[in-house]
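In what comes next, chain A is part of two complexes: it sits with chain B in the first one and with chain C in the second one.
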Partner chain A sequence: MRFGITLGLPLVAALLSGIATQTALAEDGEIKVGVVAAESGSFVSAGNTIAAAAKLATQQINDAGGIKVAGKTYKFKLFIRDDRTNVDTAIAAARELVNDVGVSAVWGTESHDFSVSMAKITGSAKVLQFTGNSSLGGVLSDESVAKDGWLHYTFQTEPQEWQRSTSTAKGVLSLVGPKLKTPPKHSVVFVGNDATGQYLSENYVTALKAEGQTVDLVKYPPDTTDFSPLLTRVKGLNPDVVHFWYNGDSTLIAFPQALKLGVAPAYFLFGVDPGIYKERGLKADQPVTMSCVPMCWGSAPFQAVKDYFEKYFALGAAKGPQSSVSLLYYDYFFMYAKALEQVGKLDDPDAVVAALEKMQYQGVVSAVPLSFNDHHQVTFATEVCLAEPGSSDKFKCAVEAPPATAPKAN
Partner chain B sequence: MEILIQQLVNSLSVASVTILIGMGITLIFGLAGIVNFAHGEFLMIGGIATWFFVGMGLNFFVALLLAMVVVGALGFVAERCLFRFTLDRPMNGFIMSIGLSVILQHVVVRVFDEFQKSTPDPLGAVWVVGDVHIIAMRAVVVVITAIVVAITYFGITRSRYGLALRASVADQATAELMGIPVRRYVTGVFVYGSILAGLGGALMIGLFPITPFVGSVVITRGFVVSLMGGLGNVNGAVLAGLVLGLVDGLSAGYGYPEWTDAYSLVLMIVILVVRPQGLLGGTLGPKAS
Partner chain C sequence: MTMEFLNLKVPMALGGAHGKAPAGSTEGAGNRGRRIEQIALAVALIAIVAALPSLNIGYRFLSIAITTGYTAIALYGLGLQFGQAGIMSVGHAAMLGVGAYTAAMLSNHLGVGFWAALPASIVFAAIAGGLVGLPSLRVSGQHYIIITFCCCALLVICLTNGGKLTGAATGLDVGSIPRVFGINFDKLFNYYYLVLAALVITLGLVYAIVNSSYGRTLRSIRENEQLARAIGINVDLHKIGVFMASGAFAGLAGILQVYYLRHISPTLYGAFPSLYLALMVMLGGGRLIYGPLIGAIIVNFLPEVMDLNPVDSRIAYGVALLVVILLLPGGVSSGLLAIYRWICGRLFGRVSKAGS
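The block that comes next holds the complex of A and B.
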């Protein structure tokens, strides 16, 4: 009998402990979230950052114990799909994630017009979509984000284009101006001729004109590799500043060619991080400014951003031209998690949307708390940096606050 | 005036790489009868191999030679293991080459990654004449292209091998009866065309960064050049490459710049309608008996 008690008690205890463990496991659940991003194709430099940011954010949330919803613990489970910079693939991926996998939210994609197509799939399935595309500004309206609107579940995670364009234009001209003999008056915007380029450059040209610039817009075919004929045309326009806008990969091909052809006395590289400028060993005798989307890898303005990039690269993210684009996606995992906890249930996307609409969240991307406006758009500043002439690694940076109102061209 | 001269200088260098691509395609298509849509990926691998060897510390021009060997070997394997079995059914070979191009892209992405690769400018010098900037590396590309064109031209028109090759194209069965190893010639032409692609890729990465996806961009221009010039016609490829370079340079400079690619393609359509055999005439591959 004594033998029985000696042997039996630990056995019972072990069994009970096993049951308790099983109960805890049964209480743990997973929240499926999808990522659709260009991990190959022409938009890969921006696209791969979404997946990398998603991995970092979900790992941090899960490692910190996950999300507590109605007394249960949930962890994020990521489903990443490569859209290959192809709209059909992006749509197919969104359908699969929504219909087959059953995700509750989707991040992406970075290609502007693709996101709008995806929103038609996510919206009708009441799946939230977080997308860092300012061109959504063209369709986000009172009607489209209303409860029965087709973009009710879509959130634009980068500022409106006129805000970014204005702060960028101000930053570029204020940094370049003192480096030139006379203040710059004539700008040429050099941009890829695709849907994104057309939308973005329209706003940027307006912003430059509002700053008193005379502006010429030169568009190039998106897959151009030899830019010399086009850059020679730009040179013939005698610009004070050439603004390479918007595809960082194309810019990194075109910019060195422009230097060799002596196209302009100053340059601006949109969406090229100082970090990649340094990595590539780029150097110019002329002043070169660059803006990040939104805060710079390689010359971060805040400690939180520096810490972010350390963790981001420590997780194996590639050091690409637009690593900072990842910041357009990272904070929103935490906002989504917070909204789920506030709502207290997982099956009420309308309540989650309502929670997000009211939320103030202090993230990494902005010095002030993030919040969405009535059209589901955020507002935050843009960092612009100047590479000192002759240097690959000396930068002077400024954080330009977004304007309150849209610019009007002079 | 300086801008016009600069555009003419640019046109010459734009034309050079295009000629190398077009010449490889025109030889393989026109003389071996193989439509290799993966030719652009062969070029890409030439560029990536150069980047890899330069990264190992080799001199750019040594890396260039090694890249040509790598792509030549790739061409040999592709011809012996794949295209050899489709010589009687060129359409099968064409479809297979599309698959091969996607596979090669993915292999490169898997082995390395999907990002741009670049090498430091091998020469770095820029000669400024008046206000015209002549980039030294571009001048070297023009010179190398001219040498390769001359070797290829004389190899085909003046050598014993060239004569046998042309005989194979004219009448395969008779050529075989005369003791010409036609299959070996097909392999030789395919490998030579592949080496040219490797050279093109190596020179291209000496000029600007490339990605694993650059092949799909350049292949169109390669086919435009080979069709415009006349399949299998080296002189035709050179002429078409120069015309395209000029059209690119002048349209980018004085036309609607965003339509640069369209001008070239419109010109190709017009030429193929007016002269279906291409500017200087060509072949349609070996005529099987």
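The block that comes next holds the complex of A and C.
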């Protein structure tokens, strides 16, 4: 009898727990979502951040109990695909996620060409796509985001470029100005000559001109490693400030070369986080400003951002010049989850798009609630920091709010 | 003379019979046998490739197969140029770019769709091929290779700074391919068959060129340009001809690429993609009919099959290229052919006789 109880109780308990587990499994559905990002190749620095943000967001949503849709609980199942910084692989990965796996939403990629080609696949399959690529703004229009438009299911998770350019230009000039003997009047924008570089610099030059700057634009071929000939040319233009756009990795190669050549009395490094400036022990006798896309992990402006990066790095993500890019992807998992809950069904992407278009969501990336405009673009502020001359770790940062209207060059 | 041009049995084996043997002779029977063998092999390969989509291989595999298909078409152009005429180019992606941008610009600025743009892409790329080939009349070898590299870089600079005409660095978008007989080419399966059809036509054309008197002339130029001139061959004309043919195939590949990606930008046609095309031809082998296709399959599928990142892939390609140069000068295709012949010889004991 005692033997029977000894054997029987654990058996009953095991059976009951098995039934309970099965009930939980039966109750929990799964929502397949995907990420296409460069986990290898030349865009790996940005691409890794997308995958890391996606892992963190889905883990948090699932750990918090998942999503309730029409009374049933669902958890995100994440599929990450490496595009190897190759458009053919990105397309193959998008096809796989959309057609083979059957995801309902895709995050990525980090490159304009890849994002646009992917949008043609996701759009026709009515799969939502969230991409942080700012140059997508060039094709997001009334027609393309209309119900039958090819970008109806695509959302740009970066602000409109004129907004970011204006807030960045204001922030840089207001921080650098007091450090120079005379207010800066002449800026040189030094930018990689690729799709993103051309698109970004066009807006930034306009923003600088609107701030009263005389601007020269010098473009360098992508993948340049020896910048000295072009930087010598920049020096010959006698700039007050040289603005390095846009690729943080290239900037980190070019900036030390500029310091050696003594190109300008002040610098701005776009997409370089104070955290990486400190980790690399960079130092300059001139004032150096830098901005993050969108908020800096090395100098988090809000507690929410600080908490986010603590969790992000705790998950094993690398501290890189573009780690902050992860914030362009993180909040939108929560927005998507909220939209699904609001719609109350999983098989109506048009309703999810409509819910996202109306949604106000308080995320990490912004101090004010996030919302998409008519062209599926968000609005949030930009953080700009100044490294004190001669210092690697003393920063003065400011969060510049985006303007309401586009700048007009003076 | 013929044997000197052919430079051994490998081109004879799959490249076709280059000299006609008297009817009823043993050699004639061997040629006929090989011809039947080639046709049977081609039909079997096409049947297998055509059946792939029905094997539930997945969209990812199919996507890479499409990429492989149009890359192979471009490679057949380069294969003619390199394998038959002996002139290497490391700027072949530029020809692809001319074809692709012709289609994209016609679509964006004139509203011309795929079918109307198709001949234009081929013709413009052929003209571009001829123009890039002009310097080859004055320089050869590594000097010409550098010129092709420069032409490629020049095209990218022009496209990147071409403003609204070329879409600058952002590039251009194109719409869908208009339906023909109700076939919707937005469906990946249909696009696969479109690329496959183009590839089969390309294979047929290349086979015809290689086995024509023109093909023999090209090989005579490859083997000894001075001798070819001495016997009255218009070498300059034939060289420009092969550049134009090479460009035409690249143009076809270009338009298929742009309507597959639905968006193009200059980075697709830069130095790096060009080097990859040259690598594929050298790996696969430029002289044999299936060489370019094998090269395209290796380079497109190797990272997938072995899950290689770009750095590992480049190391693998480098090692493979060294192995090919040292052990298989005719490319992987010649190695596969040798294995095939060996197996056939062991099984049937006839090929070795025919081969000899």
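Basically, the second predicted complex is superposed on the first by the 388 of 410 C-alpha atoms of A that agree within 3 Å, B and C clash if a C-alpha of one lies under 4 Å from a C-alpha of the other, contacts with A are read in each partner's own complex, and residues count from 1 in each chain.
As a convention for this text, contacts are C-beta pairs under 8 Å (C-beta built on N, C-alpha and C of every residue); 3 or more make two chains touch, one makes a residue touch a chain.
Just so we're clear, the structure is a prediction, and the values are computed from it rather than from any experiment.
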Exercise for review: Quick one: on chain A, after the overlay, do chain B and chain C clash, or do they fit? Just give me the call.
Suggested key: clash
**Study point:** First, second, both or neither for A:40, with chain B first and chain C second
**Key:** both
Point to revise | Touching partner for A:354 - first (chain B), second (chain C), both, neither | key: neither
Exercise for review: Return first, second, both or neither, reflecting whether A:193 touches chain B, chain C, both chains, or no partner chain.
Suggested key: both
Exercise for review: Have a look at where A:406 lands relative to chain B and chain C in the superposition and call it first, second, both or neither.
Suggested key: neither
Exercise for review: Give one of first, second, both or neither to describe whether A:99 is in contact with chain B, with chain C, with both, or with none.
Suggested key: second
Check your understanding: Looking at the overlay, what does A:232 touch: chain B (first), chain C (second), both, or neither?
Key -> first
Exercise for review: Once the structures are superposed on A, label A:135 by its partner contacts, choosing first (chain B), second (chain C), both or neither.
Suggested key: second
Review point. After superposition on chain A, which segment of chain C among 7-15, 25-33, 259-267 or 313-321 overlaps with chain B?
Key: 313-321
Exercise for review: Could you list which residues of chain A make contact with chain B in one structure and with chain C in the other?
Suggested key: 39-42, 193
**Study point:** Complex interface listing, chain A residues touching chain B
**Key:** 39-42, 44-45, 48, 193, 218-221, 223-230, 232-233, 235-236, 249, 252-253, 256-257, 260-262, 280-281, 318, 320-321
Revision key, fill the gap. The chain B residues in contact with chain A across the complex are 3, 6-7, 10-11, 13-14, 17, 105, 109, 113-116, 118, 120-121, 126, 128, 133, 135, 138, 204, 207-214, 217-218, 248-254, 257-261
Exercise for review: Please give the residue numbers of chain A that touch chain C in the complex, ascending.
Suggested key: 39-42, 82, 84-89, 91-93, 95-96, 98-100, 112-113, 116-117, 120, 124, 135, 138-139, 193-199, 222
Point to revise | Footprint of chain A on chain C - complex, ascending | key: 58-60, 62-64, 67, 160, 168-171, 173, 186, 188, 260-265, 267-268, 300, 303, 309-311, 313
